[in-house]
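Two complexes follow with chain A in common, the first pairing it with chain B and the second with chain C.
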Partner chain A sequence: MDILGTIIHGLNLAAIYGLMAIGISILWSSVGMINMAHGATFAVSGYAAWIVAGAAKPLIAAAFGKTLMAKLAMAGVTVGAGTLAGALFGAIIYLLAFLPIHDKPNFAVRSLIVTLAINLATVQILLWFFGPRQRGLPKLFGFGKFEILGVPIRYDQAGAILSTAIILGLVLFWLRVSRKGLEIRAMMQNPEGAVLSGISVRWTALPVTMLTGALAGLAAILLSQTIFVSPTAGALPLIKGLTIALLGGLGSVPGAVAGAVVIGFLEATVGALPFLGQRYVLFAQFLFIITVLIIRPRGLGGLLDETRE
Partner chain B sequence: MAQDKKYYPIGQRPHELLFYPPGDEPLRRRRLPGTRRHLFKWRSRANPKTLQQERRLADKRPLWWAIGLGALVIATPFLSNSMITIAAIFCMFAAINVLWTLVIGTAGIFSLATLAIVGIGGYAAAALNVWLGLPWPLMFVAGGLAGLLIGGFLALPSTRLDGLYYALLTMGFAEICRVFVVQLKALGPTNGSINNVGSFIPKDWFLQRPGLLLGFGGAFLLLLLSLLIFRIVNSERLGMLLQTAREEEAYAEAVGIDYRRARMYVFLITSGSLGVIGAFYAMFYMSISPSIFSLDQLLLLFAMIVIGGLGRSEGAVIGTAVVVLIDKGMLELGPLRILLIAAIMLVVTLFANNGLVGIREQFRNYRNRKKSEARARRTEKGGEVMPEEAIEFTDKQEIYYRRFQKRLRDHLKTLITDELIEEHRKSPLGKHSDALNRVLNYFRRGEMADKYAIMRQPDGFHRYKIVAFSGERGAPPRLVDDRIYEDINEAYHAVFLLRVNDLLES
Partner chain C sequence: MPEVLSITGLTAGYGPLRVLHEIDFNVEEGERVGLVGLNGHGKTTLFRAVSHLVGWQSGSIKLNGEEIGGTRSLGPGRRTSGIVRKGLAMTPQGDAIFPGLTVRQHLDCGAYSRLAWRERRRRRDTVMDIFPPLRKLEDALVGKLSGGERRMVSVGRALMVEASLYLVDEPSLGLAPKISASVIEALFSLPTEGRAMVIAEQNVALLTGRVDRMIGMHAGRLRGDVGHVGLE
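Right, the complex of A and B next:
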């Protein structure tokens, strides 16, 4: 077994799952909504990126030819389209699942059901328009590998790990320094207190849903370097993201990061072990999470008292 | 005389179904054998107008249940083969959903392992039948025992984890079951499914009309049994205990209700029953496949109870009917079916507080709110008693007194003109015109509370202030304003103006 290769693979998975899990976690802690349509956001962004990349390919080829510039432009267009589509889909979720019912009784359960319905409908619409065929996105980071300390790293792995780290750092920095970030953090700490000090729930929830949607879109682009885009591609990342968010303790961003790293490495290790293999990955993950939840009922980073009521 | 009187149908009462038993006979109420329960909730009352004895069915739900289920039983034998299958599937899923409602609604455990338990019960029963030759009647026992076992295993963390965490855990459990079954070496050749399971439907009847009818009959029986279990658990002791716990856990614990144990019992009872349904499922299809553990199937079932309304057995059954009809009855629509189901789910959740069965109550609340708003708008006028308020007064004289006062005030308001006020200013005492006399007489008859008076100040002979009586013996009058009048006529006129002002404002 190649230990270092497994570590790199684990980091790669952790980066992508972390993007999903942190989106779910932030949304839950600031708005109080479990977003089951996160998987739909994932699939929609993948398709949007695929369409835009297909449309832009001849244009870019005409403008730059086969230079490095063309590659950069292609990457920029793909990532931009995916992220933008994710943010827009987040806004749709905001309009359907948050705005009409956020002040009505039973909001947590009802928004969960609405987002579930959005997920079901979106997957069906995608199946209808694009069919079940899988589509490949252009390779952002190109093919090939390089070596660090004798460990071969594929370009897409390195790209995913680095860009996730940069984007997450930027998001957390923005949450820390900006006015809107302050409002979002206030909502995460104490929603009622935030409202009492004049923070609008509606105008804070919109950027949160768009931000988490954009994160899901980014995760879709990065994961599509390894797997393909298909209507049901969002289901597995959704389940993984949700379980990681729960494992980390819903609402805790450091917990979600820790959970993503643990699950990513677990997946890489189980997949690499000769007697277990890829088929037992989900099995092992769920067993691990169940064990952790039985020992720590509110996850790794969750507080033991009621964090959000 | 009284018999000749004609009554006009007003309000909701004429639409009420009433029975008139002979008033001189004692009331006989039959109890269900072996229990202290009555089948129907009859309420008797003597009508004060007609002096007749009336009986009213206070809870009509048993009637609706009987009509709905009876129509299903009577109509099904005349349907086509595919529709009979749909009816049977509806009954089976409705039974599962009723039990699931018991877990989510009554026990308050957000479990998603329902289908997993059904699947395990089915697999256990099917495996015992195929490989050990267990006869089919014992398959129910085997399925129930397997369900009970798994239920006991799953119930352990249910008291420790809450809400979403438990939902996730049970969802993971279903996934583990699916992977486990698919990976089993023995089931490898059939892709994880067990085929040729023995059944209560004879082999040569399978997929024939008599076989389908038999299957429907069994599924219907299953639905009735699960409704019975729902009724026994939900509205008897366990359900009452858990209702207290749902409202306030700490309080329930403080008065000595062990709600954790009650939840555990409910979970175990439903798990055992779900295992039995699983055995039935395997017999009904004569096979069982890992698709029962899949997430899509679970989501479809969840859509059913959400559309119907969480926590009520009617909701579970109605939601199942809607979704099964769309999913299995409109096969020609293709993928649009799921879209339709999602749209219904979306609309129901956005607009209804608790699914389809909650709409009636929600509409009534809405209508009552609008009614009381309109009433508040109407009753602002003049302090008169509105007809719908009149029932709140025992002394009906009060109603006429207030009506008279209102009309008097309305009339007096028309008399007050600038000339009248000028006339009073010129001579507050003495002979007045007819109109001014009427107004002054009304003022004199006013109630003592808040009646104005003129008080001479102790520091001078012609120094007056205006006060208002408290209307209570011993409580001093209050000062109306600080102004000092040097002339008694001026003070008289000031009091008059105050009263006119009050009259016009009333």
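Right, the complex of A and C next:
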């Protein structure tokens, strides 16, 4: 087993799952909604990026030829289309699954059902429009690999890890310093205290759903560097994201980051072990998560939390 | 003096349960009112009805002459942020605490509405003059503070905004007598012009002689004086 290669692979997976899990976690703790449509956001963003990239290709080729500029423009267009589509789909989820029912009793269960319905419907609509064929996205980071300390790293792996770290860093920084961020964090920690401070749940929920949607869109673009875009492509990232969010202790952003790293490494390790292999990955992950939740019901977030309720 | 809060015929409760029965209650500008009564007789529910954290079945609540409720059934909490922006500052029972924010950020949340955000520094300074112990704790996480410090943060959050009506629910609850006295002292040090304050308390002695009038609450109804509510 190639240990260093496995570590890189684990980090790569952690980056993508982390983007999904943090979105689910933030949305749960601030808006009180388990977003089962996160997988649909993932798939829709992938398709949006594929369409826009396809349409922009001739234009970019005409403008820049085969220069580095063309590659950069292509990457920008793909990432931009994916994240924008994710944010817009987040806004649709807000309109359908939050606004009409958020002040009704049992909002958490109702929104779970509505978002699950959105997820199933969206997958069917995508199948209807695009068929089950898989589509490839342009390679953002190009082909090839480089070596650090003798470990070969593919460009797309390095790109996914770096861009996730940068984007997540920016999002967390924004949550920490901006007025909107303070608003969202106040709502995550105490919804009643937040409304008593004059913070409107309805107006805060919209940027949160759009932000988490954009993160899912980015995850879709990054994962599509390794696998293809398909209508059901969001299912597995959704499951991984949900379980990681649970493992991290739903609602804890540091917990979700830690959970993503742990699950990413677990997947890479189990997949690389000769006597286990890929087919035991999900089994091992769920076994691990169940064990952790039995021992630490608040998940990893409980360990990281330094304050008391 | 103009009326800041004017409640007529308010009936409210949780689902089918009626807790408040036909309440009529007025508070004028500049007034400090003590609302006293035993546990479970509706003080908190009255406050929560005014801030729309509890839905109400009938009656009317006016803040500065403006109807803030209506009778259409909306989920509880839906109007709260709007009411707060119209001039309500409330400190709920057991403190509204954001455990993961620092004291400074926590106070800033109180200045969230209207133009207050721009002058949050000055306002924070004023609150820290009222509660001097908070000055040293500015960068501490609220979740790590003691009960008394949390109460100061919670009350301080409500004082960050220029409200016309302050509702303070049991400021002495669970605090050592000395600390609760200092919290009450701080509340009474606020100037009364342009604002009114209602303090719900079980500890009548803390309010005696310091509020303009005291109203007893018993079984979801207001009683004109304190003698009827079994606290003395």
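Definition applied: the second predicted complex is superposed on the first by the 301 of 309 C-alpha atoms of A that agree within 3 Å, B and C clash if a C-alpha of one lies under 4 Å from a C-alpha of the other, contacts with A are read in each partner's own complex, and residues count from 1 in each chain.
We adopt the following convention: a residue touches a chain if its C-beta (ideal position, glycine included) is under 8 Å from a C-beta of that chain, and two chains touch if they have at least 3 such contacts.
This structure is a prediction, so every number in the text was calculated from the model and none was measured.
Of the two partners chain B and chain C, more chain A residues are in touch with B. Once chain A of one complex is fitted onto chain A of the other, the partner contacts of A:L127 are limited to chain B, with no touch recorded for chain C.
Once chain A of one complex is fitted onto chain A of the other, the partner contacts of A:N190 are limited to chain C, with no touch recorded for chain B.
Touch criterion met: A:R279 reaches chain B, while chain C stays clear of it. By the touch criterion defined above, A:V114 lies against chain B but remains apart from chain C after alignment on the C-alpha atoms of chain A. In the superposition on chain A, A:T67 contacts neither chain B nor chain C.
By the touch criterion stated above, A:K104 is placed in contact with chain B and with chain C alike. By the touch criterion defined above, A:G198 reaches chain C but does not reach chain B.
Contacts of A:L250 after superposition on the shared chain: chain B is touched, whereas chain C is not.
Residues 104-105 of chain A touch chain B in one complex and chain C in the other. Contact residues on chain A toward chain B in their complex (touch as defined above): 34, 96, 100-101, 104-106, 109-110, 113-114, 116-118, 120-121, 124-125, 127-128, 235, 239, 242-243, 246, 250, 279-280, 282-283, 286-287, 289-290, 293-294, 297-299.
Across the interface of their complex, chain A is touched by residues 157, 160-162, 164-165, 168-169, 171-173, 175-176, 179-180, 183, 295, 299, 302-303, 306, 310, 335-336, 338-339, 341-343, 345-346, 349-350, 353-354 of chain B. Residue ranges of chain C in contact with chain A, taken from their complex: 51, 53, 74-78, 80-82, 84-85, 90, 92, 96-101, 105, 108-110, 112-114, 117, 141-144, 157-158, 161. The touching residues of chain A, when paired with chain C in their complex, are 102-105, 179, 182-183, 185-186, 188-201, 306-309.
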